[in-house]
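One chain, chain A, appears in both complexes that follow, with chain B as partner in the first and chain C in the second.
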Partner chain A sequence: MTVLNRSTRRTGRDRRGPSASGTRMWTWFMLPGTLWMTTFLLASLALVAVLAVGTTDELGNPRFGFDLSSIRAMADPAYGEVLLRSLGYALATCLICLLVAYPVAYTIALHGGRFKHALIAAVVVPFFANYLVRMYGWSVVLSDDGPVLAALRGMGLADGGTKILNTGFGVIAGLVYGFVVFMIIPLYAALERLDVSLIEAGRDLYGGPVRTFLFVTLPATRQGAAAGLVLVFLPCMGDFVSAQLMGGPDQIMIGNLIQDKFFQGQNWPLGSALTMLLMLALLTGMLGYLRRTRKDEAEARR
Partner chain B sequence: MPPETSPPARRTLLRAAAFGALGASLSGCGFAPARIPDDRERAPIDVKIDGDLVYFNWADFVDPSVFKGFEKEYGVKVIQSNFDSMEGMVAKLNAGNRYDVVFPSAKWAQRLVRGNMLRRIDHSRLANGDAVFGRHSYFTDPWYDPDSAHTVPFTAYKTGIGWRRDVLGDLTGSWKDLWNARASGKVFLFDDRDEVLGMAALALGLDVGTGDRDDLDRITSLLKDLRPHLRGFSSDSYNNLLNGNALMTQAWSGDMAAMLNQAKDPSVFGFEAPREGTPINSDCYAIPWNARHPGTAMLFIDYMLRPENVKKNIEYIGYPMPVAGTESTYAALVEPFPACVVTAADLKADLFFRNGTRTEEDARDTAWTHVKAG
Partner chain C sequence: MTSTRVTPAPAEPAERPGRSPAPRRRGRAERRPRILIAVTALFFALLYLPIGVVALYSFNAKKSLTVFGGFSLRWYRAFLHDDVLISSLGTSLKISLAAMAGSVLLGVALAIGLVRSRSRLGSLAGLIMLVPLITPEIVTGVASMLLFKGLGVTLSTGTVMLAEITFSVSYVTVILRSRVAALNPEVEEAAMDLGATRWQAVRLVTLPALLPAVLASAVLIFALVFDDFVLAYFTTGVDPQPLPVRIYSAIRFGVRPTVNAVGTLMLAGSVALIALALFIPRLFGRKGGLDILSGS
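What follows is the complex of A and B.
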C-alpha cells in the first residue's frame, strides 16, 4: 500500500510540469475557505479543547490552566445517561427522517415532472425561517390547547389528559421537524441522478415493484441516504432547543447540560470537557461513515 | 484523495496550523487575566452630554416613549442592544465591548463591582437620587455594592407561585403547594439553578443559597420527590399559564404583573408569596468603566428616575421600582395580586442569591445537574 502510494506520488510529481499552474490556482482558490475554517472553526475548537483542562476564577470567568477536575467530573453517571438518551433520540430521529423523507424525495424526483423544482422549493423555503422560531411555532402547534390535540380529540383518538408537549415523543417530533430537510435534499439528489432505465430493466427481468425497489432503487441511493443520516444525526446529537421547548423533566439532552455549564453553571471548563466528549462520540460515528463510503467508492472503481 | 493534490494540501495544512495558532492566541486573550482599570478610570463623572447613549439591557424593559422623550430633550440618540442572560452580558463586557449603561442583577452587580469593572456613581449629582436613596434606605448600603457606590437600583422582584385559581381554587400559601395532587403533571419549575435549589432550600428551612453538600443532598432528594409531578423546567411562566400548559408554576412577581395586562380574565389566575420565604432579587443601573459616554449615561439614569418616567416604565414592564412617589402606581397595577409588592420587610429578609466560593458553586452546579438529569 505504502509502496504503491509512493510510486503514484512520484508519477504525480512528474506529471506536474504542464499542469503546475493549474494546481497552484486551485491552491489559491482553497485559501479563503481554509483561512475561514481555521480561524473560526479549528481555532475555536482548539480553544475549547484547551479550556477543558482550564480553571475558573472566583468571578466565574474561565482561565487557562491545567486542572483535570472537569475531566473527573464527567465520571458522574448523570452525564453518561443523558448522552445515551441523546444518542437514542438522535438515532430515532434519523430513522423517522429516513422513513418520512424517502417517499417525499422519491415522489418528487421520479414523479414530480415539471413541478419538480417548485416542489423542492416548497420543501426548502420554510426552512429559511430561523430554527428557533420554527421550534417555538411547533411547540404552539403541539401544546395542550393546540390544533393537533384538538383535532385528535375531535376524532376520538385522544382524551383530555393526552399530551404531546413535554414528552419524549414531543422532543423527537421537534427534531424530525427541524432536520428532515437535511435528509430530503441528499435523497432527492441521489434519486434524481438515478438512471430510470435501471428500474425498467429490473421490471423487464420480472422483478416485482417491491423487489425492484429493494434490489435496484434502494442500493443505488444508499449513498444519498448515508449522507442524509449523517447530516441529521450530527445536529440532533448536539441539539438543545427541541428538548428545552418540547421536552419534560425526563427528556433533557446532552446539549442542554452543556448549555447549562456555559451559562448558569459558569463552569466553562466542564462545559468544554463535555463538548469534547460529545465530539468524540460524533467522531466515532463519522469514522464509521467515512470507512463505509470509502468501501463504496472502492467497489465502484472495481 | 488523488495524489496530485497531496503536496499543496500539506503546505495548506501547515499554513492553516499557523493561522490557527494565531487565531487561538488572539481569541485566547479573553481568558488571560484582564487589565484592572485604575482608580482614576473609575472615578465618578460629571452629568453632562458627551455623546449618544449606548444602552444594553434585556429586551423590552423600558417604555419606548421614555427613550423618545430622552432623545428629544437632550438631542442624542439611544443606541439599543439587548442581552438574553446575565452570563451573556458579562461575557460581552469581559470581551471589551463598550456600553454606556448596563443593568446587572444584584448577584452580577457584586461580581462586576468586585472585578472593578464599574465606574463610581456620585448620587449627589443625580437630581432624583434622593427619591431612591432617601426613601428606600435598604439601597443606601446593599450587600452587592457597599454604599451603592457603583449602582442605582432599577427594579426589585420576588419569586413565588403562579397558579390557575379557576381550576385549583385557593392554595395554602406554602412552597409545598407545588406537590398539590390536582396539579400533578402540570407543574413547572424555572429552568434556573438558583431559583430551583433556592425554592427547595426554603421549603426545607435551609439557607436560600446554600453550598453545603449535606444541605444540597437533602435538596436534591426533596426535588426528586417533586419530579413525578413536574411537566418540565421552563422560565416562560407567563406563557405556560396563559396557554394552559401549566396549572402551577414558579413565577417572578414582575412577570405575573405583566400577565395581568395579557389575560382576558385575570381572576382565573393567582400569585402567592409562600410563607417559608421568597427569593428576592433586584436589577440596577451601572456604568462600565470603559463607557465612551458616561456623562450621557448619568443623565439617562437621572431621566429614568423622574417619577413620571418611572410610572410609565412600571406600567410597561410590571416590575416595581424603588422610587418615592411611585409605590401607589405599582400597588394599583397589581391590585389582583397583592403578593407582587416588594416591601422593605421583604428586602430585609435578605433572601438574595449570592456569589458562593468556587467549591460552593461547583457543589450547587453538580446538584443542579442531578436535579435536571434525574
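What follows is the complex of A and C.
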C-alpha cells in the first residue's frame, strides 16, 4: 500500500498546469476503492501463495514458514488426474456451450425481430435465479426418472440402464446449464453488431448459405466467441457444485479438492497449493487467449 | 483464417444499419430457418424446465419430489415457521444491503476517477479492479477466508459483507465506467467556468447524470450478492448463515421440499429486482436498459 501512496504523490506532482488540482482530486476518487481492493483482494491472494509453502502444527493449525511439502505433493498423480479431468470437463463445456449458444444467439439476433430484446432478457433472467436452486432443479430434470431421460427413452435413444447423473456427462451438463449464458451474451452482441447487408453481399456474390456463413458471419463473430469461451472456461474450472450434485466420487474436479482441503481435510497449506495450481492453469489459458487476440488485432490492423 | 482480412471490422458503429432494413430483407433471406428456431425453442425449454420443476414442486401437497399430489402451500408455510431459515433470510438481506452500499460508494468514485484521471495510478487501479472478474469465485473465497483467519478475525456475517463488497466493486465500476466515459467532460468544465468548484461540478453535474446507472447497478449488486453462494460459503461464520449456504446444506444432506419453496421465492425476488434494474433507466427517459446486464 505504501507503494501506491508514493506513486500517487509523484503523479500528482508530475502533472502541472491548470488540471493539476483535478488530477489530485481524481486520485482521491480512486484511492478508497483501490486501497480496498489491494487489501482485501491482492493481499489475500498473496496470502494464498504464502500459505502454500506453509506447514501445519500438531493440531492441524496452519503455520507460516517455508516448506515445500505441499508444493511437492502436487506431483502426486492423483492431483494431476483431477486437474486433467477438470480441464477436460471445462473444455468440453466450452465446446458444447459454443455449439448450443451460437444457433440460439444467431436466431435471436437475426430472426428475433421485435422480440429480440425480450428473448435475450429471457435468456438472462434464469441466470439470476439462485445458482444452487437452478442446479438442483437441473439435477431433478436429468435424474433417472426425470423428463429428459423419459423423452430420450421414448425416442429410443436410451434404454432403462442409461444414466446421466453420476457420470462425467452429467457434470458437463451441469456446467453447461450453469454458464451457457456467458457464451450467449457476447455472441449475441457480436451478431447484433453484424451488418446484415454483409450477409446479403455474400449471397449476391453467389456464396451459398454455408459459404456465406463460413466466410462472412463466422469471422465477424470470432471475438465474441473467444470472449465467451474465456467467460465460460473460468467459472467452470473453479466450480465444485456441479461435480457434487451431478457427479459421483469418480467425477470430482479441482474445486472439490480445494473445498475438501479447507472444510473436511483441514489441510490449509495443501488447499492453498491446490488453489495456486488452479490459478496457474487459468493464467496459462488466459495468456494463450491474450496472445491469440493480440495476433488477431495485429492481423486486423494490417 | 485468411478470411479475416477480407471482412471489414464489424465493430464500426457507423456501419450499424439501425432498425430500418426490414422491408429490404424480404425474399430468400427471409426464409424461415426452421432448424434454428427448433434449436432455440429446445434451448429455452431446457433452460426453463429445471426452474419450472422447482416452482411446481414447491406447491406439491405431497412430500415427494417426483409425484405431484395436488396444490398446496404447505412448504411455504413450513418455510415461514422455520426460524433458522427466516433468520438466514434476514442475514442475507443485511449482507446484500451492506454490500450494495459499500460497493456503490467505492465503485462509483473509482469509476469516475478511472475515466477522468490519466495518472499511472489510474491504469494500475484499472488493472486491479479487473482481477475479481477473471478469478474464479472459489479462489476469491479461499483467499478472503485466509485473510480473515490470518488477521485473527472470527468469521461472521461481517466478514461475508467485507468479502462481498470486494467482489461487487468490480461490477459497479465496470457498469459505471462506460457511463462516465459517455458523459461529455465539457459539461463539467462549463459548470466550473460558471464558478463551481471541481467537487461541486462532480456533485451537481456528473453524479445526477449517473444516477440511473448508479441505481440500476445497486439493484443488480443486491440481487447478485443475495444469490451468491461460493464467497458466502467460504467467509461465513457458523451461526447466522446466509440463505444460499443453508440451501446448500439442505440440498447436500437430503432435500427437504422447503428448499423448493425458498428457491421459488428467491427466483421471484431476483426476477423482480432484474426487472427493476432494467426499468430504472426508462424511468429517467432512456431507452433500453439491457446493456447494463452485459456491462457494455
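Keep in mind that, in the parts below, the second predicted complex is superposed on the first by the 260 of 302 C-alpha atoms of A that agree within 3 Å, B and C clash if a C-alpha of one lies under 4 Å from a C-alpha of the other, contacts with A are read in each partner's own complex, and residues count from 1 in each chain.
What we mean here is this: a contact is a pair of C-beta atoms (placed from the backbone, for glycine too) under 8 Å apart; a residue touches a chain by one contact, two chains touch by 3 or more.
None of the values given here were measured: they were computed from a predicted structure.
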Which superposed partner A:242 touches (first chain B, second chain C, both, neither): neither
First, second, both or neither for A:220, with chain B first and chain C second: second
Touched partner set for A:93, first chain B, second chain C, both or neither: neither
Which of chain B and chain C A:26 touches, first, second, both or neither: both
Which of chain B and chain C A:81 touches, first, second, both or neither: first
First (chain B), second (chain C), both or neither touched by A:63: first
Touched partner set for A:47, first chain B, second chain C, both or neither: both
Touched partner set for A:212, first chain B, second chain C, both or neither: neither
Chain B versus chain C as contact partner of A:260, first or second or both or neither: first
Comparison of chain B and chain C by chain A residues contacted: C
Residues on chain A lying within both footprints (that of chain B and that of chain C): 8, 11-12, 15, 23, 26-27, 30-31, 34, 37-38, 40, 42-44, 47, 51, 62, 140, 145, 244, 262
In the complex, chain A residues that touch chain B: 5, 8-9, 11-13, 15-16, 19, 23-24, 26-27, 30-31, 34-35, 37-40, 42-44, 46-47, 50-51, 54, 56, 58-64, 73, 76, 78-79, 81-82, 140, 143-145, 165-166, 244, 247-250, 252, 256-257, 260-267, 270
Chain A-touching residues of chain B, taken from the complex the two chains share: 2-8, 11-12, 15-17, 19-24, 27-28, 31-33, 85, 87-88, 94, 111, 114-115, 191-194, 227, 230-234, 243-245, 355, 357-358, 361-362, 365-366, 368-370, 372-374
Complex interface listing, chain A residues touching chain C: 4, 7-8, 11-12, 14-15, 21-23, 25-34, 36-38, 40-45, 47-48, 51, 62, 100, 103-104, 106-108, 111, 113, 117, 120-126, 128-138, 140-141, 145, 147-148, 177, 185-186, 189-190, 193-200, 203, 214-216, 219-222, 234-235, 237-241, 244-245, 255, 258-259, 262, 268, 271-272, 275, 278-279, 282, 286, 296, 299-300, 302
Residue ranges of chain C in contact with chain A within the complex: 1, 3-11, 15-17, 21-22, 25, 28-29, 33, 35-37, 39-40, 43-44, 46-54, 57, 65-66, 105-107, 109-110, 112-114, 116-122, 124-125, 128-129, 131-132, 134-140, 142-147, 149-150, 162-163, 165-166, 169, 173, 198-199, 223-224, 227, 229-230, 234, 244, 247-248, 251-252, 255, 259, 262-263, 266-267, 270-271, 273-274, 278, 288, 290, 293-294, 296
